[in-house]
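One chain, chain A, appears in both complexes that follow, with chain B as partner in the first and chain C in the second.
Moving on, here comes the complex of A and B:
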């Protein structure tokens, strides 16, 4: 009933509608027959309301991610989704065997890339399966629609799983009273960043599913649920590299349970089945390979597995021996042996197993690692540490509901709430290290905040209804009626308690509605702009759309020979291959640092040195992105220092201080001479010196940097300009063949 | 049924150790075959132990789990385990 009251306010109705059964029971004479029928009706009503909320939330979660589809059109935007789309298209055209054995010669020229072995196939296979199902049902959809709408669909599914997860946790803590307010947890879900066709869209669903199934397995101790969670884990491994989080959080959770004395047979059954089967299933993905037994990141799971066997063994011995003193002695021997064996094993492992793990994982434990060692990982904007403003922007009210939820979790400690607390704390730590990982933290934060909200509202509504329940103790309020009537008799001395509770309830609902508005606004403004189509406000406040990227890629597709090779910075690789249909030198996969460094070196050298490098790579066209005319700030000149750093990391001939003046990065008259003559500068500012970009400023005024450029007279010797888009955002140059010698 | 379980567990674990010893002698190529062999031993042993735990009437935590359901779970998990092993053998 409390659940009903909460849901009414979510739907914006007055909360009186659900009090009608209680009023009815007051009016009609309380015979047993009438009460029984009313009881049935209320339960059905509760079920109806719950199902309605779930459906509404499901639809809402889907719709809120359609802003970009509605505003622009159904297309793949951003960078990684282009590659995912291309692979999905390949899968639907060539089938599984073609996909599994695919060697792509259109990227990383001249090396090529073994795509079948080096990607996480979960997303593509899911999209392809959905596509084939729809086709089987005779819906003639294009694979692109499936891809674009697949992410919102999985977001809705994630909301559903979150609801069941909340129910699983809530059911045990709230003593038979279903945690209906965990539908509340779906509301905060709406703002998630899952809006593009990327691995994370499917991965977060798989993550939450695995966690839910594992918690269910620990609660029930059934092999079937543990097997289901192993399958969930397999799905997660197939979808995203972030599966390492699961394979470390679950053993950590088991450790915490063991330390806090909550070892039980259910835990043993659940973890063993999930670990063995999950590990086996995960090794079927070729990209993961044997990492589960070789890489340092996965060793925690194995260690805990053996520890759990030791616990079981000790438990069994304790059961067999009736003498406690003998058992104590045995315990001491076993513990010492176990510790010795563990230390020896660790030592042996250090020698045999690669304990460096992956760079990204090392980055999580030591945030300064990448800056010193691997510039290419440090350069990705998604890998930067998170600022407080990002947290506030993404989480809004949840930020302070989170600690409150933690408090309530600790008040009702059970196996499930311990898991939630651990998930929340670890994911928040990682979210603080890397912006991208806010995605992983969001489910935990939502669920914990939902617990806080539901506990608060439950207490408040109990106070509100306390006075109501005094005359009708036999009404259909459930198990809490006796409790609340006793509370009511205690609280009759405070007259304003009920009013205060109502005021607080109104405040809580206002907060939640404000939060929902904020989420929708955030999704609309910040997370719905496809990066392939840029929007800006014109001089009259109207929305101006820039289609430059698509213009350039389609120019490439239509005006260059099919075997042309395009050199650009790695950000645009996927898009060029997918939309321009041309071979690229480096792309977003960034698997070969030396190759990227070669491109970086070419961009930062003088034109003649760069020409040598480009000839050695067979480059025909060069593509640069330039934001000086439009004020677009994510262009190549702003990324240039990273090109220098990455190139300099492999080729010491490129030195970063050469491009800086007193440690400052400038492109105007006071810039370093090497900067004013390097290839990137020349390609970006060719013919720009004559252009009038802003009224009242001299020609050659760079709107993105806000300065007048230093070298306006750019002459190209080995390249010629072939295409510049209408707003000068993408510029394409052709590499001239070498001069005839005579 | 208890004797059968204990014997299975002991045999399977011994078989696992034997495989590791063989690998130590001959070398670990092909690694996937070795892994699938060892893990099938460990997996079967673990699943048998889980079944025993669930069916044992003395365990209070499983008192409302019917033994038929436990056995069905055991069979299904073993089926999945061996399917994956067969795929992994290579």
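Moving on, here comes the complex of A and C:
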């Protein structure tokens, strides 16, 4: 299939430059021979091939995401998707207004959470619409299936949009060439968002759609396309907080166009329509609301909007005043007044509106900000700066095709390629700041790399072909490309050029097929392992699957009173509410730092102090995740320092150094006394000291950290163990009522 | 039919297990009395008779009787326990200290009387109830100022105590005029225990020491920190009385006259009988037992109880509180019952008004804060059982169409949109 995609790019090239199809025989493709026998015209052939390739890619993009569904089962794997699933279920049951006004009393006890106000409903509404449509068509699907398969479906759609986007950009110089290779190469980011049912799946689709439509609008100057891009933007806003990227990138792009003197009426129409309508539409999303006109993150767009008006106005004045002197005087006066008014307005803004810059976006501008100020943001692994290795891992060969693509973009500068360059550069920067934003960068990287690939291949094939029929080159091409003809004349001086070109072509194909293999491997290995079901290799190389999470949530659902409150670290909140159906104190929607800090403080206090906190929060059960038996390393003990930091950020009684020994975090005998006696330690290692985990090691040997624990004789006074899963991954404790006689 | 019947029996069995107190009649009925020897049954007959005359069914057993058992098939055989066996080292049958503590923790009552010879077992039970007897085995409470005047001058271990707890609920409405005679070991209350109370304390001049030997070092227990009789009302409202003297309950002390040293009035009869009659009434829930029923809340003007309130709703809350009089449930009348509308801290705190027939009610506005609230009534008064009611109710914000349609602040915008 991949090879098909490749040959498409070559085909596209050929048909674009109206060359004879002789080269097809060079480039392995059995369908091509069939086509020859069908005796279609070149255009029709091209269309047929293109549609076929697209269909194949569409299907491929879908099925690469099914690894985890096939390997495990159709279920919601991750933390956030659990919540999305729960809300979607609610939406399908209670209808849109029920969902819109949903006050969820089962999370963030006792504060509760207004779901409609604090989420981006795009994903849920999309899934519900798909569900209702399927039901209407008499497909008796369960909403879970829709949710699980919705993400692959949208990924496929995204490839389509990427194709059109590529086509739109290639329209000027490359004429549809990149399409094939681009669809081919955007496999990796399809893989990235394999993470089942999450906002990003829809959001990347919406993001690319908006960009595509906007570029189209700029290229055509059509109001209709601008309107369409405004709706694309609306969809994006409804789906993901990453819409801020669009609303900053687009004005930045406009700004660059203005500076480079590419201001045009097309741009004016496209941007104004997109911004004004997009803003009005975005404000309909309750989570965004007036932020769109008040917060600092959206100011750039507004500024550029006014700047465009000024440009237009100046153009008009210039047109009216024929005298240059007069115009300059006018300019001087207006600029002075504008500056004065601007300063006053800015001052008023500073006084009037408090800038609650959201921390995650501040983080983008200053990557070290969170580390110093907001531990809760820094604690999320998705918010960590990206490691070089993960760039290599995700992008593979695209990493060095990317600069090449940039070069080709600059070579053929147009409004569209400028956009692509801007998109690529900014998103690369953001991807470097935050791991999860690699998602945003991948489409850009793919497209730019695709340009590199298609431009290279185009040049190479041209060389090959030029050698083939030296006399015809000059005559048949004529005016279309004087450059290539001059190249062709140059070629004659180099004797091994054709062989070299063929060798390079083969190399390129090898590279791309390697890349495709890598992508499939990454998808299968790295992005298809759910966190709810853990898989490991057994002693004989067989696959061992730990169902501990599901076991624990099922136990909660079956054995605790329906109004029981479960305290756990916030990572597991969504899953406990969605799968365990019990009220939680904090969950993954980390909107209230104090509440999370309270839980962090409880976990890092001594048992009696923690008991007071838990009583005040009406906690009935405490759930901890423990990997000491299985060697599962992302357990609560390894997250514990973040609990200390977040707790200490609000309650200064919790001090990080109390849990460290010489700045070192340890759980063995040399650990800090407070560490050995805090609630989290006790709950994790309760009865662990009696357990042999590994042959040849003393009892109480922690396999996740590779040490023998320091406090083997853990006694619990205020809590009692009620459930531990078969591999000890999840442990549930019940908070005892106060002593009857004391 | 038989199946239905058995199910019914099973359910009622379960219910009776869940409910330590019979809701219709919270007083203890069947009481097990464990004695060191049966002589106590006759020497303390006045106390036992007063219980029996009030309808209690006493079951006298020797403490080391191998057939002793508090429960059979998981069900308790008795509602109350009297331990008049200070010297017992080990109970017979299935009873041990843990069984007795479980007995209390499942809501049953206990009277424990120790003596100078109090065994470790008895001390352990007392300690678990927040009372520490003087560690010195042979010590007694000695008071050289408020001893009871008797024929044998110089014996200051017989104490005439009149420092009662000031609670009509515990000791009855009739004031105890005569001092209570006490002779035995003193105890102190564990300061960590917030539930145990001194009912009868020693005078400030009292101390606890061995009366037959010279004082070698200052006594560990002195003054009014010495408790002679203490009570504990556990969180599940089980009541426990602990005394350091078994002879206090005896016919001899009940009948004897009492004169406090330094006081001219000589009472023909000591206060012991009245004191223990009233105190045992309290211990066995004939007095001071409250129940709250029919907790209701609804929006003003409605009757149905909603599953959720909205901010700024007006609501009405009511609860009925009754007190057990020994024979029937009477309306409880007080002006200090409060309800909290609570989420981490009380947002609304209202005193409930009563109609004198047991119904307490109030009306208030839900605060302008959403969240999961609780209606909480925490009623703790000296001597009464604790009322602790909480009912969870979520409070939601306005729906999207519940906001005001037209607000004055927005008139410029309305004007602007219509002018377009």
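The criterion applied here is as follows: the second predicted complex is superposed on the first by the 633 of 742 C-alpha atoms of A that agree within 3 Å, B and C clash if a C-alpha of one lies under 4 Å from a C-alpha of the other, contacts with A are read in each partner's own complex, and residues count from 1 in each chain.
In this section, contacts are C-beta pairs under 8 Å (C-beta built on N, C-alpha and C of every residue); 3 or more make two chains touch, one makes a residue touch a chain.
Keep in mind the model is a prediction, meaning the values are calculated, not measured.
Engineer: Touching A:227, do we find chain B (first), chain C (second), both, or neither?
Structural biologist: First partner only, chain B.
Engineer: Pick one for A:508: touches chain B only (first), chain C only (second), both, or neither.
Structural biologist: neither
Engineer: Please work out whether A:255 is in contact with chain B alone, chain C alone, both, or neither, and reply first, second, both or neither.
Structural biologist: neither
Engineer: Of the partners chain B and chain C, which touch A:283 in the superposed model: first, second, both, neither?
Structural biologist: Touch partner of A:283: chain B, not chain C.
Engineer: A:101 contacts which: chain B (first), chain C (second), both, neither?
Structural biologist: second
Engineer: Touching A:272, do we find chain B (first), chain C (second), both, or neither?
Structural biologist: A:272 sits against chain B, while chain C stays out of touch.
Engineer: Residues of chain B touching chain A in their complex?
Structural biologist: 31-32, 35-36, 39, 42-43, 46-47, 49-51, 53-54, 59, 61-62, 65, 69-70, 73-74, 76-77, 80-81, 84-85, 87-88
Engineer: Can you list the chain A residues touching chain C in their complex?
Structural biologist: Checking each residue of chain A against chain C gives 97, 100-101, 103, 105, 109-112, 114, 116, 563, 616-617, 737-742.
Engineer: For chain A, which residues count as touching chain B in their complex?
Structural biologist: The touching residues are 221-224, 226-227, 264-266, 268-269, 272-273, 276-277, 279-281, 283-284, 290, 293, 312.
Engineer: Which of the residues in chain C end up touching chain A in this complex?
Structural biologist: 101, 104-105, 128-130, 192-195, 232, 234-236, 238, 240, 308, 343-344, 370-374, 392, 394-397, 399-400
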